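Working notes for the structure below.
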Amino acid sequence: MLTLSSDFGSPYPAAMKGVILQRTDARLVDVSHDLPRQDVRSAAFWLREVLPYFPPAVHLVVVDPTVGTERRAIAARVGEHALVGPDNGVLRPVARRLAERTDATIETFAIEGEEPASSTFHGRDVFAPAAADVHQLGVDQFDGDERFRPIDDPVEFSFPEAELREDGADGEVLAIDDFGNVITNIPGDVLDRSSADAIAINDRAIGVADTYAELGVGDPLVTVGSHGNVELAVREGRGDVAFDLEIGDDVELRQ
Amino acid sequence: MLTLSSDFGSPYPAAMKGVILQRTDARLVDVSHDLPRQDVRSAAFWLREVLPYFPPAVHLVVVDPTVGTERRAIAARVGEHALVGPDNGVLRPVARRLAERTDATIETFAIEGEEPASSTFHGRDVFAPAAADVHQLGVDQFDGDERFRPIDDPVEFSFPEAELREDGADGEVLAIDDFGNVITNIPGDVLDRSSADAIAINDRAIGVADTYAELGVGDPLVTVGSHGNVELAVREGRGDVAFDLEIGDDVELRQ
Amino acid sequence: MLTLSSDFGSPYPAAMKGVILQRTDARLVDVSHDLPRQDVRSAAFWLREVLPYFPPAVHLVVVDPTVGTERRAIAARVGEHALVGPDNGVLRPVARRLAERTDATIETFAIEGEEPASSTFHGRDVFAPAAADVHQLGVDQFDGDERFRPIDDPVEFSFPEAELREDGADGEVLAIDDFGNVITNIPGDVLDRSSADAIAINDRAIGVADTYAELGVGDPLVTVGSHGNVELAVREGRGDVAFDLEIGDDVELRQ
């Protein structure tokens, strides 16, 4: 199985699929080609939240704002999973999550080889062939091929952690989903449902709910989302608009 | 074969795919993840129009504005097809259409089981595992598993029928497609092509055409669309804008 | 393998998939269903750039603004590839590109048969069944079936060629991608990197770069894109907006 993730929209992902299918008959599964464009941080978040649900697979990831520069192409092995993409940090949070879940270590390799055909589309010219080759060689032994050179200095990326306080937490916005739900880095267990039906988000009193449908259509609400974090939402509306929040903005929760 | 339909956009459908692929190696086919958001009525229309073209399959459907409430999760068997989704009516029109086409009855089951991991993403935590299990158990015998409990009171949903008149019909807008074509509930055979080249839609005279290309670019037209219903369109333009119509609006056709 | 390309958005492509899967268990690969709407020229460009990366396959293409008129439905064989779609020119550039690459000839056939169920959705009613049948019959012998009648007068379509000059080239915009990159018909080897760091595009001095990251975020730049042509872009921005260019507009390059 080989999954594909990118910020390419359409139709560039199809060129990657063609290149891959020339080299392997792996099952291809599109994760998303609408990841927020050129946004390594959001891509890293979504991959961490989604890829661990898959059975063992090679995961091709191309969100690559510095394509064509000296940034390396890398492949990482985490147990029975492999990740292939640019060395810009985008693969690190999902690699760590997979490692935690499977008690595996992360082994990282630089992908070497001939000069790519283009300086602007390494998804097609570098990453797709490499991912296909990792699949064909096998996740457990692709590094037997000399194109994959072990490295110990991949570019790191971590999400900021919320600061827990006695009366809540100081966090920030990690991501905003297609529905407009604002996903914070505040752990869901901070929310104390016993004490109150409303809490303060950035000094504004907001109702707490287990489900969107508990409140009226259009009402803003605080909930614990499917990622286990505190989320700010509006029933059948957009939380990002109602709360006027963007990725990286501060979120103060008080209860 | 297992088809997937939702209003999730991206990348949530990928989490469902991962969960499914952990449980079955069924062929997955995306129907759409861009169904009109939180809109049970439109989803019910599109599923009724599209799913019957498929060979026997398990069809996973998640358009679920009341996720996390007491609304049930259900699976329905209609001949060799199975439908899995929320008990909010979204599955009923396609179930009836499949039953008509294959002379089968509709058997409905509540899906029971452990508490889901989230209260906001039952697509991933309830429906995807259930659909995978229906596929693995087999459409003809999944109800041998005690998690699937027969029920006879699924939430119903039907589309309004147009009222036929001697000089036309009084109907309404059922759906609007991505092209902006306005799909009404007026049966196509109401259109009397022999009598006139133009008819009145909401008191406005409009040309009748068999194909978009019969009229000039930008001209509004009335035609019989691919669903067999009267549609209002604009050649290489948007019918919904030209006719100022939304889903549910009245459409009076006079000829 | 059977690839699908259209300008249908969602959910009409799923009806085509259902029809195909009733007739064949071919691997289906979505190329794009977001090709620029009703735009034969852009579709022809993207298909020419993407389909040749695929291994031998049947390629279903539906960008069909004159659906329902007398325009023919055609299938073309180019070596081990087959193309199925409307006879409006959209298949010709990719057919020629495949022929060049594989040293094959292009054989074209009109698709004949019963009256389609609709006059507006030949993707579902004509092209999908024909593509499935070409796949089932085999690319090397589908024309043994009498529904495929050889023709020698397919509708032609070619892209305009840039006019090379001593100090640059006069070309035009062929396509604009999802990132907003403006793809011209000026061959990349016209760009003389040795002479200058900046050239004139429509009398405006613009920096030349091998990669987007060479310049500052928001800076316009000229580069050789992944299609081998001169492209006008903005790092992490939209070239079409910065250069105020649309498809078909003139581009004068002077250096």
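The first chain written gets the first letter, and so on, giving A, B and C; residue counts start at 1 in each chain.
Operating definition for what follows: contacts are C-beta pairs under 8 Å (C-beta built on N, C-alpha and C of every residue); 3 or more make two chains touch, one makes a residue touch a chain.
The shown structure was predicted, so the numbers you read here are calculated from the model rather than taken from an experiment.
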The C-alpha superposition of chain B onto chain C, two copies of one sequence, needs a rotation in degrees (nearest 5) of 120
For copies chain A and chain B, work out whether under half or over half of the interface numbers are shared, and give different or same accordingly. different
For chain A paired with chain B, centre-to-centre distance based on mean C-alpha positions, whole Å: 31
Among the residues of chain A, which are close enough to touch at least two other chains? 30
Please output the residues of chain C touching chain B within their complex, sorted ascending. 8-12, 14-15, 17-19, 21-22, 28, 30, 37-38, 65-69, 117-121, 124-125
Using the touch definition from the top, list the residues of chain C that touch chain A in their complex. 1, 3, 5, 29-35, 46, 49-55, 177-179, 210-214, 223-226, 231, 236
